[in-house]
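Shared chain: subunit A. Partners: subunit B in the first complex, subunit C in the second.
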Partner chain A sequence: MISYALRRLGAGIVLALLVTMITFFLLSGSLESVARERLGSAATPESIKALMTQLGFDRPAIVQYLDWLGAVLTGDFGTSLFTSQPVAPAVASRLGVTLSLVVTALIITVIVSVALGVWAASRGGVADKVSQALSLVGYIVPGLLIAIVLVAVLAVNLKLLPATGFTHFAQNPAKWAASITIPVIVLVIGGVASMAAQVRGSMIDELRKDYVRTLRTRGIPTRSIVLRHALRNAASPALTVLSLEFIQMLGGALIIENVFALPGYGQYAFNASLQGDIPIIMGITLFGVMLVVAVNLITDVVNGWLNPKARIY
Partner chain B sequence: MSIEELSVDPGLAAPARKSPLRKLLKDPQAIITSVLLLVIIVLGLLTPWITPHDPNEAQLNAINAAPGTPGYPLGADQNGRDIASRLLHSINTSMISALIGASVALIIGVTFGLLGGYFGRRLRSATEWVFSLIMTFPGLLLLIVLMPVTKGDYRATMLIFGVLLSPGIYRIVRNLVVGVKNELYVDAARVSGLSNLRILGRHVLFVVRGPIIIAAAFLAGSAISLQSGLAFLGVGSNLVPSFGAMIADGFTNLYLDPTQFIWPSILLGTLTASLVLLGNSLRDAFEGVKLKPSKLAEPTLKSESAVVGDVEAAELLSVKDLVIAYPTPSGQLKEVVKGVSFSLHAGETLGLVGESGSGKTQTAFSILGVLPSEAVIVQGSIKLEGRELLGLREQDLRALRGREISYIPQEPMSNLDPSYTIGAQLVEGIRASARMSGADARARVLALLERVGIQDPQRTFDSYPHQISGGMAQRVLIAGAVASRPKLLIADEPTTALDVTVQAEILDLLRELQAELHMAVLLVTHNFGVVADICDRIAVMQNGQIVESGSALELFREPKHPYTQLLLGSILDEHTVRTDPPVPVAAATGEKN
Partner chain C sequence: MITVLSRARSLTRAASATVAVAALLATAACSSASPDTSAQQSQSRDQELSIAVQAPPASLDPSQLAEGQQSYVWASIFDTLLLVDKEGKVRPNAAESWKYSEDLRTLTLKLRGDLKFSAGDAVTAKDVVGTLERTRATPGQQQSKLAKVTAVSAPDDSTVVIQLSAPEPSLLNYLAQATGVIGDPETLAAETTKLRPAGSGPYVLSDATVDGTEYVLERREDHWNAAAYPFKTVKVKVIQDRTAQYNALQAGEVKAAFIQAPQRQQAEAAGFKVKEVQAVAALALILADRKGELVPALADVKVRQAINMAFDREQVVKALLQGVGRPTVQVFNPNGDAYNSELEGTYDFDPEKARKLLAEAGYADGFSMTMPSTVISQSFEPVITQALADIGIKVTWEPVPPQNTAASISSKKYPAVLWFAGLNEAGREVGDMYTPEAFLNPFKWQDPEFDKLLQKIANESDEEARADLYKKVSEYTVKQALNAPIAYTGTLWATAPDVEFIPSVVVLPTVRDFGVTSG
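Right, the complex of A and B next:
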């Protein structure tokens, strides 16, 4: 188990190196415009050149990348080109906001999808039609439109919830919940659309398997067959989709955070990218990849618990 | 959304019998969505000629002009730009996004899917690695991070987005190609000297065309959604008219003039919804309808009057005039069991013999009440100790199952839940049919495991199904079946999936347990050797009917029906009749009871 985890971690590190390297080399094409942006209206060809020398932008890209990598290994993620703020604490605090949003959305997505999928697969008929129609709606309507309609109705018209802004959980849990309600709903609708279909599909497959029939012939209650046996076996393929869903929600959060002015990682990334704040972009990219690596590792561990055959000792 | 989960299991993607195009023409959903898309596309193509204004032409005197203002049929936005013109130009932006995103994803995904699937393992593991790398990366983050590189040009963004979408396509194509690669016709093409390139182009591409067409619709939808989302955020040049940008502008003016917001929303919604719905129709047309849910419930009776049990039956089990049917795609019922009658006394063994498809397993399932949910019992009567089983609710049947009737399946491995230990499954079964504490049930299970000839009961108790052999698994299933001392044991081909040496041991075990517990056994099999070994009486089934029945001795000595003669003749050729004397389990497993 430990050697397996180490191997996965090794693969994660390779992934992180590759992605940051590719990102850096792609970004290195736009260094000059970053310098011009930072100088603002005072930019002259000379001052741009001077700033580029000062920031070390005139060195070969590979040297700059290795320089960055070396600093990262000693725990130094650099400072913002525009605000001189250190990157690591800024990214970490924003990541907290995003994770609170995404994890909440993910938990609700799982509960709703399992309920809908199991209901559809074990009842069939009307239940199945209703659940399929619901997930179709999630697919059909772009998340953006759902977000805007919810804001218009819940926040602007009914004034039930704040339209934008964020309160930290530690400050006021009730306000925190209110501030992420609409963003979470938007993420959940998108997530449920694909998760519920996945749960339904794998439950249908499981309920048609031989062992289900044999369990019935032993006099075991239907509820136990569906929830204890079929669902547990169906959970394994659904879990893979869930981990992809998590990665997709991280992406979705980028748009959502900007729409709702949540001070998360997506909004931070967005602003940094508009300015070309390379240290921040690199820090965000690295944290993003690490998060993905962690999620995949957790997925494997949970999968091993669910599925004895996938256990690696 | 991920394309992969939208596409059906490649194994099911067999070419449809009816031409997909003809099916599509009969599907109103496909027709309506195609027409909508066509209208939108044509409007987009005609845009340069039908729009009164340039999409970026700002007129101060037209700022927030109301709908219907001369020259501004849908009004103008806060910058005095004509909404109708901008809408039509936005269609083109969406179309270009869809075209770039979908074609990049398809070109990369299909090319590498074909190569990775068709050529050797080394190339495949390389492509596999690259695509799983792309897949694990949060794509939207990359798109935003690379904004300084793309300079916000939506076409460059779509190019990258296409790359990010390609792993889904790659996987679909690779799986299909791996599946089709070893098909006979591809082999034949290879043998007849066609080059790999020709084979890929001709035969393999033909198989993947359906999933590709389906995926293209979903890809286009994703690309359009994404482009609007980014434009809404203000990524990219504000000179590019786009639904997302229009929605953002309209939203700020929601109270002044909601139509500024509603028009682009409706068009964007129609566009993406049509693509997704068309994709679903395409999938139905190319891949056929997917599996439907099967409810775990009592068998369906065709009507109230289907139960035709008459006289009080004295036997343990009496099956009378049983007719079981399945609905065909055309909606009619096709009978698979056509009026079967037989009975079974307590302690007796009846062999139900016939080839696969003769209806013998369906008959067995109907006694247990576990027919697939599509099955319909057209008529008949199944009585257990005089009590009619047809028409009983699932919960009443459940009370009988395990206690009165129990079941041994054919394939031992697939009949155990892979996620629980053997012990946990058996304990659950025992506690479902008898009130018993966990510790008592555990002790009982260990004793049972020992009784069915398992050498190290504790170890088997703690094992998962994949850790034991097929023969052991069958013993476990027998232990589960006899746990509550049933009166009737239904064994469906209990030895077919086992090695020949194990078969004999299992039959001996069944015989012993039957004598010990005084059970009646209904043995379903195609193997006359097994029947000869263990049965008192035999019923021969063919095409859903019992063609001959009688005592085992009579049937073997003087088979009357030609089908029985045929079956008997075939076993003599195969030397499958056992000649060795029965061996007690203890001796066979080298263990004391």
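Right, the complex of A and C next:
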């Protein structure tokens, strides 16, 4: 397994190299615009040229890329061209905000989806209908609308929760929980809608299989059949959906972060792209690729642990 | 979503950048304008102010400062040499007096004796020289403003002498804004200066600051002008989304924020004070190619005049600016020297007359031109296309990525560009628009008569005579239809009941724009 993980990691590094290289070459067409943006409307051709020289933008793109890569290997991710913040801590802090949101939302999504899916599949009838109706509503109602309503009710009118802003867990856990409650609810509703349906479907499939019938004939309690046997087998496809959900939530975080003014990864990436803040864009791309690689790797490993048949290592 | 966000952001950036220009107003006037009694003042001096802004400040290195909403932070940390008051007049600040030589090539400034950096060291003329010299030598937004400076010296601890190669009518204004901040030359080159600079201003950044997210400023009680700053703590919170800003205001998380026109009634009903700043930028179709290099028709004044008559400006303000703004045919600050109210009405909406003018110019069948579709122009494009089509001009919009918005002008690829022109002191506006080096004059249009006018201004030392000359500049630009201005765009500030937004015109946004409500 270790060699499999290392191989995947190696592939991830190659992927990161390729993605960052393509990103850099795409950006290298706008270097003059970036210098101009930094100098403002008072920029003159001379000052643009001077700044481009100072920033090293006048060198061939490949040299600039290799230079960036070399610095990254020594742990230097550079500094934002606009805000002067060092890239690594800035991106890490933004990622921390987004991850604390997304991971919390995922954990709750898993718990609720499994409960709902298992309940629906094992009970059937009204339970199934209720579960399906909930999934459907989650699908249909846009997350943004839920966000707006929850802010209006819980934050603006009742003042129970903050409308904007983020508190780090380490600073004040209670305030942290309050600051992410509404965003997490919004993410969970969207997540549960797809996950619960997935768990329900897989569970129904599993419960119809021969081994379940065999277990039943041997007198194994239903609870044990459902939770110990069927669920374990049903978890595999659900896990794949979960990993996709995670990556989707990272992307969707941009909207949530904007609505709640959370200083997260999505918003940061968006602003950096607007300005052409190359070091930040490169840092975000690199962290993003590595995160996706890591999530896929973890999914494969957990999948293999849950279901030896699914082991690909 | 991305389009909406980016457009909103860029509109605001353009507007605030423009705005930034005009704003020192509040300062000197604020202190005298404050109606508070001393008892109320002492009670109010412990208050906290939190302002929502859409973007964090860039580097706080004096040579890299940018104007716009960013100045809430840097204008609190640094003292500027001079200040512009509500009427747009330059006033003393860190420099208590100044004097020009007769040939307007030497400016001597006298510093106050009680300036101190936050670390406790006294500010001397050498610090001013060090900061200006570094700004002059470092590529950044302020460098070109000191292009005519040939030397800066400090004959003694309180005197700064600036030598110029030619008169610079806007120099005093520059020294009242980002170019005129005083940094500590010993620390300027340090990495820490970009985020935690040493300044002599009325506030210092506290440790609670989270860069890029929330800037917490604590008042320095030992600052020479601390009495003019009623708020003990000022928090500048970065909230990009306009709706989120409004939510934060309603939830009591900020005390001051921009709001949008449709939110006005609701905000007032909820007890917030709403103040309209009528002009922060001029929305104008910049007729960059008035030499006719790309579109020969634009070289003809009749064609440019026809374009000016194609727009129903009242409707644009009503429908697209939602009433926050006002129609105009000028690009100059309505509170500045160059604005000439008599010129309004020069180009009323008259498509028929416009078509006639085009026919007289030999373009009875109209012509076509391509304009860049930028984050600024997108919401106005249908109206512009329709208005110009009505007089026979066919417009094709070419998409430009957000980071290339400014380059769409400088690239000389487009004959005309829709732009928010910043309002400022008249000299700076001319410098941004009409001089051969001007950003909004990419084809380097020049005219002997116009040049003579500018030369006269540069050599005029009397303020009133200079203002009259600037009015002639505006008259020339309108009569010659150098651009097609459409409207002044405004903003709405909403504040909590105990906070007041003071200025009706904003040039450089500072925390002194806000006061404590009495009673």
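Note that the second predicted complex is superposed on the first by the 310 of 313 C-alpha atoms of A that agree within 3 Å, B and C clash if a C-alpha of one lies under 4 Å from a C-alpha of the other, contacts with A are read in each partner's own complex, and residues count from 1 in each chain.
Going forward, a contact is a pair of C-beta atoms (placed from the backbone, for glycine too) under 8 Å apart; a residue touches a chain by one contact, two chains touch by 3 or more.
What you are looking at is a predicted structure, and each value in this text was computed from that prediction instead of being measured.
Colleague: Using the superposition on subunit A, tell me whether subunit B and subunit C clash or fit.
Modeller: Clash - subunit B and subunit C, as placed by superposing on subunit A, overlap.
Colleague: Just subunit B (first), just subunit C (second), both, or neither: which does A:Q85 touch?
Modeller: In the superposition, A:Q85 contacts subunit C only.
Colleague: Have a look at where A:G124 lands relative to subunit B and subunit C in the superposition and call it first, second, both or neither.
Modeller: First partner only.
Colleague: Where does A:S30 make contact in the superposed view: on subunit B (first), on subunit C (second), on both, or on neither?
Modeller: both
Colleague: Contacts for A:N258 in the overlay, against subunit B (first) and subunit C (second): which applies, first, second, both or neither?
Modeller: both
Colleague: Which touches a greater number of subunit A residues, subunit B or subunit C?
Modeller: B
Colleague: Between subunit B (first) and subunit C (second), which, if any, makes contact with A:G40: first, second, both or neither?
Modeller: Second partner only.
Colleague: Touch check for A:N303: first (subunit B), second (subunit C), both, or neither?
Modeller: The answer is neither, since A:N303 touches no partner chain.
Colleague: Go through the superposed model and pick first if A:S113 touches only subunit B, second if only subunit C, both, or neither.
Modeller: neither
Colleague: Quick one: classify A:D205 as touching subunit B (first), subunit C (second), both or neither.
Modeller: It touches subunit B, and subunit C stays clear.
Colleague: Contacts for A:A155 in the overlay, against subunit B (first) and subunit C (second): which applies, first, second, both or neither?
Modeller: After superposition on chain A, A:A155 lies in contact with subunit C alone.
Colleague: Quick one: from 78-86, 204-212 or 456-464, give me the piece of subunit B that collides with subunit C in the overlay.
Modeller: With the two structures superposed, the offending stretch of subunit B is 78-86.
Colleague: Report, in rising order, the residues of subunit A that make contact with subunit B in one complex and with subunit C in the other.
Modeller: In the superposed arrangement, which is not itself an observed complex, subunit A uses residues 30, 33-34, 148, 152, 156, 254-255, 258-259, 270, 273-274, 276 for both subunit B and subunit C.
Colleague: Would you pull the subunit C residues touching subunit A in the complex into a rising list?
Modeller: The touching residues are 1-2, 5-6, 9-10, 17, 55-61, 64, 66-67, 139-145, 147, 194-195, 210-214, 237-241, 243-245, 247-248, 250-253, 401-404, 406-407, 410, 422, 432, 437, 439-440.
Colleague: Touching subunit B in the complex: which residues of subunit A?
Modeller: 15, 18-19, 23, 26-27, 29-30, 33-34, 120-125, 128, 136, 139-145, 148, 152, 156, 190, 193-194, 197-198, 200-201, 203-205, 207-222, 224-226, 229, 232-233, 241, 244, 247-248, 250-252, 254-255, 258-259, 266, 269-270, 273-274, 276, 281, 284-285, 288-289, 292-293, 296, 306-309
Colleague: Going by the contact rule at the top, pick out the subunit A residues touching subunit C in the complex.
Modeller: Spelled out, the residues of subunit A in touch with subunit C are 30, 32-34, 36-44, 47, 50-51, 54, 79, 82-85, 90, 148, 151-152, 155-156, 159, 162-166, 254-255, 258-261, 263, 267-268, 270-271, 273-276.
Colleague: If we count contacts the way the header does, which residues on subunit B are in touch with subunit A in the complex?
Modeller: 1-2, 5-6, 133, 135-142, 144-149, 151, 225, 228-230, 232-233, 244, 247, 251, 254, 261, 265, 268-269, 272-273, 276-277, 280, 290-297, 365, 368, 370, 372-373, 394, 398-403, 405-407, 409, 411, 414-420, 425, 428-429, 432-433, 464, 466, 477, 480-481, 484
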